[in-house]
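Next come the structures, one after another.
Look for chain A in each of the two complexes below; its partner is chain B in the first and chain C in the second.
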Partner chain A sequence: MADLRIDLAGIKSPNPFWLASAPPTNSGYQVQRAFEAGWGGAVWKTLGEPILNVSSRFAAVSFNGQRVAGFNNIELITDRPLEVNLQEILETKKRFPNHAIIASLMVEPKQEKWHEIVKKVEAVGVDGLELNFGCPHGMAERGMGSASGQVPELVERQTHWVKEVARTPVIVKLTPNITDITMTAEAAVRGGADAISMINTINSLAGVDLDSWNTVPHVGGKGAHGGYCGPAVKPIALNMVAECARNRFVNVPISGIGGISNWQDAAEFMLMGATGVQVCTAAMHHGFSIVEDMIDGLNNYLDDKGIASVMDLVGQSVQRYSNWGDLDLNYNIVAEINNDVCINCNKCHIACEDTSHQCIDMYTESGRPMLKVREVDCVGCNLCAIVCPVDGAISMVERRSTIPPMTWNERQSLISNFSR
Partner chain B sequence: MTMSEYLLSLDEMKQVDAYLDKGFQVHSVNENLSGMFVEFKRLEEVVSLQILTAEARKYFAAKLLEQSMF
Partner chain C sequence: MSSQLERNFVEMTARMTKNEAMDEANRCLYCYDAPCITACPTSIQVPNFIKKIASNNMKGSAMTIMEANPIGASCARVCPTEVLCEGACVLNASTKPIKIGQLQRYATDWAIDSGVQLFKQGEANGQKVAIVGSGPAGLSAARELSRLGYSVTIFEAEAKAGGLNAYGIVSFRLPNDVVEWEVDQVVKLGVEIKTNTRVGVDISADEILAQYDSVILAVGMGAVPNLGIIGEELDGVHDAIKFVKDTKMGVLTEELIGKRVAVIGAGNTAIDGATCAVRLGASEVDILYRRTEKEMTAYQYEYEFAKQDGVGFKWLTAPKQIIGNEFGKVIGLECVKMRLGEAGADGRQRPEVIEGSEFVLEVDAVIKAIGQTRFVSLVEAFGLQHTDGVVDIDETTMQTSNDKVFACGDVVFGNGQGEAMVVTAAQQGKDAAYMIHERLRKPSEIA
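For the complex of A and B:
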């Protein structure tokens, strides 16, 4: 049995699975049920001046039968008075002293506003603070959320204001709605952040109803952009975590967020530098009990790998993530088709012929249709293996190059000596 | 025309080898929208080669590295 406990910038929790600040953490009732189910921590739904919401608020994107491949929301922060939330945090912390409760906060970018709310929420015993510089909708129109989070100077200054009075670790939650998230991550660190979390949701419009021509969702016939999350955003989030993890100026722990739906996703984020993960959409889709499989799966994975503590996973793959210019131009893989398994659907041939390098030939052997890869023309793009519906029918295999490894950067450096 | 460039790249690699085998040294390398342009030099003799294919341009860089190491 591996040790699943984590310590993220001094915030300790019994496992790396936290609920993200969102509808699942709106109340003490919900957070306590989540802790009973096994979640290690919860980031309370963002506290600030109570807002007004609209109806409806959510929409989901299904893809080829996969429900909730992506999720869109236009819900804002808490609509309940601060004192109500604080009383429930107090009660929840009392019942679950060893679970992590982090207060997500959002106020106007004014020093006195940050000081006031930090002091009030810390007084009820939260384990940490998460500054919401990420929500892209509604609050951003009022200068908060991602409107603050897209300006490095505002991230730095507001983080600094919080650190002036905070006694608990401060996590800065970053928006992905920016060209280079490391710019705002560095700003958070300069402001004194103890950790960063990412990603908040991505600007989105879930769809347009082809009958009514209304947006999805719509509010009485009108729509506004929302925030997109769920499994579809995982690769975007994972890259942003990795880019921050390998940035030498972002030398604080990372709480990974974005489409994490199972223990495998969590392990990937941790390998890429996250000390723990936050989950929302998967819990909204399947309920709090999904954490049981997450805990069991991660535990079994660590045991199989002979790893004693989940903290030993953190950042193990970061060094394997680099710039394109540092990849070996002469590394070769090619596709290999196993005709004993192949069902001759020809999807690989069509994909290769229409959209790649035309290197999968069709032929007949003893009256049976067969497919074969012309290795000399295969560039190892993976497309055939990606579109193949049968496990094991196409393998990508290494072919030793006849020339030594050389990266693009090395090549350009070499060639520059001969440029005349 | 398909993306298959194998035969062309083989031909280009052979041309690179041929010049090097004859004692030519790489004198200059320039790349532009039309590919790679290499000048080989042996004493006062200069010959030019345009390399079109990606594989041959990789191969040429490996040969250039060899030349630079010796």
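For the complex of A and C:
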């Protein structure tokens, strides 16, 4: 039984699975149900001046019949009075003293507003604060959320204001709707952030109804961009976490968010530098009970690997993430097809033939259809293995190069030495 | 009671729900050079029609099916898919095959429900083709010829068009409305179907030959031959073809309720006769076959289906005489046990009578299903060469001994020539149409 407890910038929780600030953490009732189900922490749905919400708020993208491959929302921060939320936080914390409750906050970019709300939420016993500089819709039009989060100076200044009064750890939640997230991550660190969390949702329009030509979702025939999340955004989020983790100026813990649906996703984020993860879409799709397998699966994985504490996973893969110029140009892999496992759907052949390097031949051997890779033409692109529907039919195998490793950067520096 | 009987003949397999169809369609791998296409006698672009279901392009899906197979809605229900498309599905090797037949039904049902006309009549080319028989082969030929611009007339002896599909396939597999829709699709292309018109009675073969530029003979097969034993004329002896036909025409007799029935023969028609008898309320139905389970010609799934229906099988059993009472009604069937002897000329072991093994089955009805007779006189009226009633054709050109007359479907099946499946008849009908077009189109049209 591995130790799943985490300590993220001083915020302790019994496991790395937190509910992200979102509809699932709207009320004490919900957060308490989540803790009963096993969630280690919850970032309370963003507190601030109560707002008005619209009706018709969510939409999802299906892919080949798979529902909720991506999820889109135009719901804003909490629409309940601050006092009600504070009272429920107090009660929840009293019932679950060992679980992490983090208050997500969003107020106008004014020093006194930040001071006021930080003091109020810390008074009811939250374990930490998360500054919502990421929400891309609605609030951004009022200068809050991602409107703040897209401007490094605003991130730094507001983080600083919070840190002036905060007694609990401060996490800055970053928006992905920016060219280089490390710019705002660095700004948060300069402002004194104890940790950063990412990603918030990505600007999105879920779809257009082909019969009515309305946007999806629409509010009385009109739509506005929402925030995109769910499994489809995981690779984007994972890269942003990894880029921050390997940036030497972003030297604070990271809370990973974005499409995390199971323990495997969580472990990947942690290997790439996240100290813990936050989940929303998966819970909205399946309910709080999914955390049971997240905990169980992660525990079994750690036991299998002989790792005593989940904290030992954190950042293990970060040093393997680099720049393209540091990749070995002489590393060589090729596809190998196992015709005994192959079911002859020929998807590898047509993928390679039409869209890659034309190196998978179809032929017949004593009446049996076969496929073979012409290794000399194979560039090791992986496409065939990606489209193959059967495990073990195509392997990408290393062909040792006779030439020593050399990266692009090394090559360029050698060339410049010669031309000198 | 009759409403119970009616319920017994309602299509057994439920249509896929939209969710089921979507799940299944999305499971299709969309293979390249897919073996399901090769396995289909009409070469339906299976992965394409399935992808179109998944993308909610239902008209496109139905078009893809019906383009390749003019009786694609029937075939979705009656094809032995486990030996055709589904048997060839690559997923047999990894998980389980795609339910291609069910998806094909889902798409064609959409077309039936929507009422769309899928195809257009070609621009008239002034040439006339007569088709004798409106079964799978004749309808398919008519559909293609009409699209190519021919003026097509079908002569159909029965009151309804559709041939085997209309009269010979049990309703609980293939309901009438499906066949009617397929016929209607062809009629809407301008094809004239003269029903209740028996060639040789209502119009002569010579008249047809004289009035049309080309002729397709697609008359299928006829009634079950006589067993050649005593008692065949008794009340309670049925021809399986006629027996099934009556159920298709909505005549659900209550005479068999609680009765014992013996079916003679073990082909697909015998299974049809037996399962219809069960559905008509018979308390005990046995199939008698003079050979064994191994030699029976029924499809495996038909055999399984009959067993599930509670039909009994008496192997190595041949009928010797049908016994009647004083009112001329069947009361029993005297049988004799057989054994398999030396192989005959066809390579099959010949069944031999075991002397003295006679026994009597107490039955109230006997259904004969030992094959079908040929329309020999009709074939001869057209002056066509044949072998035991099977019209001789050049299998490449579908041409008979009269190069103006083409033949397809069951009328050419037998003696090692052709294939008995409905789907094969459809393909042969298409082929015959294309061959006629080859022969009749003006030289200017040949690129």
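Annotations
Please note the rule applied: the second predicted complex is superposed on the first by the 417 of 420 C-alpha atoms of A that agree within 3 Å, B and C clash if a C-alpha of one lies under 4 Å from a C-alpha of the other, contacts with A are read in each partner's own complex, and residues count from 1 in each chain.
Heads up, the rule we're going with is that contacts are C-beta pairs under 8 Å (C-beta built on N, C-alpha and C of every residue); 3 or more make two chains touch, one makes a residue touch a chain.
Everything numeric here is computed off the predicted structure, so don't read it as measured data.
Chain B and chain C, once both complexes are superposed via chain A, fit side by side.
When chain A is checked against chain B and against chain C, the one touching more of its residues turns out to be B.
After overlaying the two complexes on the shared chain, residue contacts for A:Met406 are found with chain B alone; chain C is out of touch. In the superposition on chain A, A:Val376 makes contact with chain B only, not with chain C.
Of the two partner chains, chain C is the only one touched by A:Val390; chain B is not. In the superposition on chain A, A:Lys110 makes contact with neither chain B nor chain C.
Least inter-chain distance for chain B and chain C in the combined superposition, rounded to the nearest angstrom, is 20, based on C-alpha atoms.
Residue overlap on chain A between its contacts with chain B in one complex and with chain C in the other: absent. Touching chain C in their complex are the following residues of chain A: 64-66, 343-347, 349-350, 362, 389-390. Those residues of chain A that touch chain B in the complex are listed here as 329-330, 356-359, 374, 376-377, 403-404, 406, 411, 414-415, 417-420. Residue ranges on chain C touching chain A, taken from their complex, read 22-23, 25-26, 29-35, 54, 90-91, 93-94.
Every residue of chain B that touches chain A in the complex is listed here, in rising order: 2-6, 26-31, 39, 58-59, 61-62, 64-65, 68.
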